[in-house]
Amino acid sequence: MIEKFKLRKLIEDALREDIGSGDVTTLAIVKDDRVGTAKAIAKSDTIVAGIEVFGEVFRVYNSDINFKAVFKDGMLAEKGEVVADISGAMRDILTAERVALNIFQRMCGIATLTNRYVDAVKGTEAKILDTRKTTPGLRELEKDAVKTGGGSNHRTGLYGGVLIKENHITAAGGITNAVKNVRNDIPLTLKVEVEAKNLEEVKEALSAGCDIIMLDNMNTAEMKEAVSFINGRVMVEASGNVTLSNVREIAETGVDFISVGALTHSASAADISLIIS
Amino acid sequence: MIEKFKLRKLIEDALREDIGSGDVTTLAIVKDDRVGTAKAIAKSDTIVAGIEVFGEVFRVYNSDINFKAVFKDGMLAEKGEVVADISGAMRDILTAERVALNIFQRMCGIATLTNRYVDAVKGTEAKILDTRKTTPGLRELEKDAVKTGGGSNHRTGLYGGVLIKENHITAAGGITNAVKNVRNDIPLTLKVEVEAKNLEEVKEALSAGCDIIMLDNMNTAEMKEAVSFINGRVMVEASGNVTLSNVREIAETGVDFISVGALTHSASAADISLIIS
Amino acid sequence: MIEKFKLRKLIEDALREDIGSGDVTTLAIVKDDRVGTAKAIAKSDTIVAGIEVFGEVFRVYNSDINFKAVFKDGMLAEKGEVVADISGAMRDILTAERVALNIFQRMCGIATLTNRYVDAVKGTEAKILDTRKTTPGLRELEKDAVKTGGGSNHRTGLYGGVLIKENHITAAGGITNAVKNVRNDIPLTLKVEVEAKNLEEVKEALSAGCDIIMLDNMNTAEMKEAVSFINGRVMVEASGNVTLSNVREIAETGVDFISVGALTHSASAADISLIIS
Amino acid sequence: MIEKFKLRKLIEDALREDIGSGDVTTLAIVKDDRVGTAKAIAKSDTIVAGIEVFGEVFRVYNSDINFKAVFKDGMLAEKGEVVADISGAMRDILTAERVALNIFQRMCGIATLTNRYVDAVKGTEAKILDTRKTTPGLRELEKDAVKTGGGSNHRTGLYGGVLIKENHITAAGGITNAVKNVRNDIPLTLKVEVEAKNLEEVKEALSAGCDIIMLDNMNTAEMKEAVSFINGRVMVEASGNVTLSNVREIAETGVDFISVGALTHSASAADISLIIS
Amino acid sequence: MIEKFKLRKLIEDALREDIGSGDVTTLAIVKDDRVGTAKAIAKSDTIVAGIEVFGEVFRVYNSDINFKAVFKDGMLAEKGEVVADISGAMRDILTAERVALNIFQRMCGIATLTNRYVDAVKGTEAKILDTRKTTPGLRELEKDAVKTGGGSNHRTGLYGGVLIKENHITAAGGITNAVKNVRNDIPLTLKVEVEAKNLEEVKEALSAGCDIIMLDNMNTAEMKEAVSFINGRVMVEASGNVTLSNVREIAETGVDFISVGALTHSASAADISLIIS
Amino acid sequence: MIEKFKLRKLIEDALREDIGSGDVTTLAIVKDDRVGTAKAIAKSDTIVAGIEVFGEVFRVYNSDINFKAVFKDGMLAEKGEVVADISGAMRDILTAERVALNIFQRMCGIATLTNRYVDAVKGTEAKILDTRKTTPGLRELEKDAVKTGGGSNHRTGLYGGVLIKENHITAAGGITNAVKNVRNDIPLTLKVEVEAKNLEEVKEALSAGCDIIMLDNMNTAEMKEAVSFINGRVMVEASGNVTLSNVREIAETGVDFISVGALTHSASAADISLIIS
């Protein structure tokens, strides 16, 4: 969950990017003392995610603005429903509106897309996992949205876990060596995952002593074979070219996790509007 | 075009977000003095955008890394084509890879989507315009990508132009008043745009003395009428619910600009990979 | 108007510059719990500008300090009049005093000088305009002070409008070309101003399709001729060597705006003192 | 002398303030690869100050720009003389020009004014001293300019010395007490100055054991009496209402230092232009 | 290993803290163009750690300073030996000296102390582990020094691993619950460690499914019993009141890791001087 | 005394360093609305220093946390005594605990060590002085702790006083020259200290007109001779190889100050724990 200082800074930077030397329109037209209320309305069905972040944008810009969430994170807001009420200085609501929506619509979009993947594998053991293919600066918000949508988080960044990929294996002269080098060097509390592109590599990774094996771009037949070989000794993640059409088939191979880059790099923004009343 | 200090800071922040206390995998496995080369390859057809930003990520992380763009911004890279060569310290190429791709894939995705809209209106006078519905922190890169894709830029932020919307009109007690308040207050060099939702408002905006009129959520019949009434006296922008299916019909009403929020808030990332050789 | 985050940061930086590792005098001598009141007094006649910024310095340093403006921005405070009352922790009032005055005296000085220029052209159509010749870091405060003094603002920075100067014209190979290049490239909402040093250039600028023409270092006879030729089709700005002695004569040529660099680069600080009681 | 990191940051911030989302004019008109040269020319007589800072602005913006100072700090440049040559990327020279001049013109203006005060007291023992009445953010540059103009620096900020003013004396219950409190509390290397408004206070300050006595708003007769009483035991500073007309008379009272707020708060910018050739 | 941007910022901040408005002594006395050489000399035996960080301080302050490490990290420098040569601008060497030594002496001190613990357990299976009891701002440098001294790193921060302590257990209503809550919530790649203060808790932690068990403040008899019960199923860390006198006895209980807060919170600085020649 | 903005920033940075992308343990286990209380307890005798800084860490992280100091700075807390009570959101207390203790334990450790030196010289005129051998980033807190322990502060940084060392003397061509150069260049309010390694140099320093003489690495016989020669005309500081064993003997030579680097570079952290109840 994004830490509060970081959230505040992210919001301040976003407001600064949009406002710059001033919201010239609103400053010239809307009087300083005008107050009012606004409703955030879902324009199509969406899983709500980041509702408190949405409110925080207004509060960061003007701590006297009153924000009341009608929906909680994880709930489904149907088209036309009010998801939040905002009231206070009209000037500041208008000025902060676009930034607040830009963040919130993105988070809702990600949660909604994640939720479709989660639904698609319902009944299997597989969990939907995010990746590091996130928007620069927004990783933690995007990963929060994935969790809100029912998914799980892979490592937060390069510092948060070991993932030994093909290039690392080549550089180390083999999986066994790579795992050994890592074990001697990393903080005690990090797990080691190895990317394997065939059963051979799965076997080597397993005997090298890793904690997680990633089946990289295998077809489902190969995945089944790998899962059966591993047999619960370590966790198994499927990765590569996962879509809503094939995710269930992958889940049914028995893998523990399925990672989907599209959750964060290609989700459409949810359609949400602010109506001033 | 994004200013160089700002680009550098954006890249440093993105690297910091991903690397944090260190790329524990690469540090443990890849030796300090190992060098190598990598190729960035388009995995599906894409308009290239941000190729120099892509290279800058590597150079910011290690100024000795050599980056050579094969494609220039605005060119079409077809599936399988190499878009850039990177060579130098293998450690640093691997560590910076994800951040570089995250930015570049997003910019290419936006340019590619923009280009489809631009193609759709080819032969008309209408220009495709972006909005402020951008990702917090990335606005200037995203607006650059829109231009690379053949689109035009609306104002950069709230500071960069006047757009009088319905709420402002209400607050001012009418369009005439709103325009007058603004004229007395804003920097000399900013234009004034007024949002109009019907012909009545178009007429009032015109006589109030604005520079641009936005036809907000009108149907194409209404747009035609408005365009004909305005008759070239000010610029005309169409806005609201624009899709690839209806954009040409809108363009044929004779509007000067059509703004499309989806260009930046809902473009899918282009599929680009780094292959180490 | 300076945005609130930016103002806060500016004040914090200014306080940090002056206080550094501590106000060693006050810390050693004035007890932590001592409270008191202070009056800000005009030591000579001045147009008040930045009164709320003045108060904000104290509030930023200690949010419990009570600040009460006696004069509003734009009013004339005569010699000896109290412009504001400050009360609260004596330590913090003494420590913040100099920074608060340094900013406030500068703003009042600028407003007062601007006001003299505005008075000088009273009865004509000309407006007094500022320039980008401002103090690094203080541009928005200084431009606010110009407005408080009755002047108007030119563009806020290089990003906020197009001003095609001689060097740009040379680089583009003529005014017509320069204007054309710009029109295809800039955000929709920015106006285009062209610098012209004779009637020839005025004519070319006009037919190239600019929004504003700057008459650069022309004498008043040339200005009159230019104004008459332009005849209201675009706005006209006079620029170069404007002083209090010649500003009225310039205004009477019929130009719309007269820009004066001295407003911000050479105003004397107003004389204001803080008296502790 | 301003420290190099601080100078770099100050310049970057100033460039960012002016450039914001981009120098839209220059980007659209001047080609990326165009190079050229510019000359900085004094438009009236000025003491040169900050010539290297001036050059640093261009180098910070583009480290490949070539800057050659023709005059050194402290020299007099007469009207029409070239003070520096700049060559390199035309785009970047044009974009950085205004910020470079804004800083340089201010520093030259301060040095020139300081120099007039220094000339006025030539032949006496008195040194001209600056104050803390500087522009927020520019203190060190302004104090450097004072030294370049022949003046001396008072404390750099509240952290850099003790100055016990009337309010401190009241709070401490007398000069003797104030000095004693300070002596027990401050870093070993700081001197203690006491403000005295009459001979009585001068006597008390002297026996309390201070290092410097400031004669605050005394007339010259009182100053002479104080100087004679102090008789070289501590340094003496005259302060308050110093002008070019009365500074010599004050100097002739025998004081060691005369502080002049106007040096930094009310100097006019020097008139310097950049001519592109 | 500390990331390069972070190291640079840390050094810049440290230089700024010490230099502030300038090294007034050196600026006044040492000429700008004076060059010279300095030797860093061990004044007592020390394990060298941070030698490249030491050099980086000089290079950050002046990239032309030449730094040549004579010893590499991890080597023992005996009293009187030269550990590095520095040459270049004398001004900048003198100004940066104290900050460079402050960091380097601290890192060497930590590595030296760590090394004594590592020596004390030589021949056992136990590894010496650091904690989060580090100096604010210096954690990564201090953890690097621990590794240089032969120790291992525990988690880098609260984000880098799960450590369920007594308070968490109470809050969750027992170890089993706590582990279960965590497993559903954390990033895939983080291990889970549980603090156990007796055999009962060890058993519960083991069956709850953790990856590491910390034996908290147990005596060595209890530790032996716990190690024997756990029997290699998960890793075991001993913690609490570890000193150079008792560390071997603890190591001989068979634990995998022994964490020692004193490594970072109570190491004495190594004695190293810079001699200018 | 550390300035409040600086303290806040230091605390925020320290929290960010430890928390990073989140306290994954506490977030997963401790519910958002759980409140509780904690006691900070001295685990061995310690002089309390930084008690308000300790509390500020919790308040910075969550302004609703209630902090009540039981001991004031400078008091002796005996083993087992409660030094402060903290109550509020349990999540935030647990997350901020380590950072709060890391700072507080360091400050108490320094004050306690300083106090032992101060006790050792009790009855003499000598004051115990700190140095610039502090931890990067923590200088002001460490110097505050020295004062709390009964010591005095030397200059805050290179900007806060002149200390002419051997290298400066060589560069200037002798003490007399060095002092003269400095006098002409530095801010009015800074004292000048000269390092002397024998009586010869003491004499030269005295006639050159310095304010303080540092006796560098002299034996006590030499110190006595120097003190007797100086005879109160300037202050005298003893420096070099001071330990608890020899500090009294040094004090009895009659020097005014004895500086001890170990106060800040080699103090052990005080042993303080937070017990949740």
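All chains are identified by letter, namely A, B, C, D, E and F, in their written order; residue positions are counted from 1 within each chain.
Basically, a residue touches a chain if its C-beta (ideal position, glycine included) is under 8 Å from a C-beta of that chain, and two chains touch if they have at least 3 such contacts.
Model, not experiment: these values are computed from the prediction.
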Field: Chains contacting each of chain C and chain E, listed by label
entry: A, B, D, F
Field: Any chain that touches chain F and chain D
entry: A, B, C, E
Turning angle required so that chain A lies on chain C, C-alpha fit (0 to 180°, nearest 5): 120
Message: Over half of the residue-numbered contact pairs in common: that is the test. Which of D-F, C-E or A-C passes it against A-F?
response: A-C
Message: Same or different interface residues for chain C and chain D, judged by whether over half of the residue numbers are used by both?
response: same
- request: List the centre-to-centre spacing of chain D and chain E in whole Å, with centres computed as mean CA coordinates.
  value: 45
Intercentroid distance (Cα basis), chain B paired with chain A, Å: 22
- request: Can you check how far apart chain B and chain C are, centre to centre, with Cα atoms defining each centre and the answer in Å?
  value: 33
Task: Hunt down the residues of chain B that sit against at least two other chains at once, touch-wise.
output: 19-22, 27, 156-157, 159-163, 186-187, 190
Task: Using the touch definition up top, name the residues of chain C that touch chain B in the complex.
output: 129, 152-156, 159-163, 186-191, 193, 212, 235, 237, 257
Message: Give the list of chain C residues in touch with chain E in this complex.
response: 20-21
Of all residues in chain E, those that touch chain D in their complex: 12, 15-16, 19-22, 27
- prompt: What residues on chain B touch chain A, complex-wise?
  reply: 10, 13-14, 17-31, 34, 90, 94-95, 98-99, 101-103, 105-106, 109, 132-139, 156-168, 170-172, 178, 181-182, 184-187, 190, 261-262, 265-266, 268-269, 276
- request: In the complex, go through chain A and note every residue touching chain F.
  value: 1-3, 5-6, 140, 156-157, 159-160
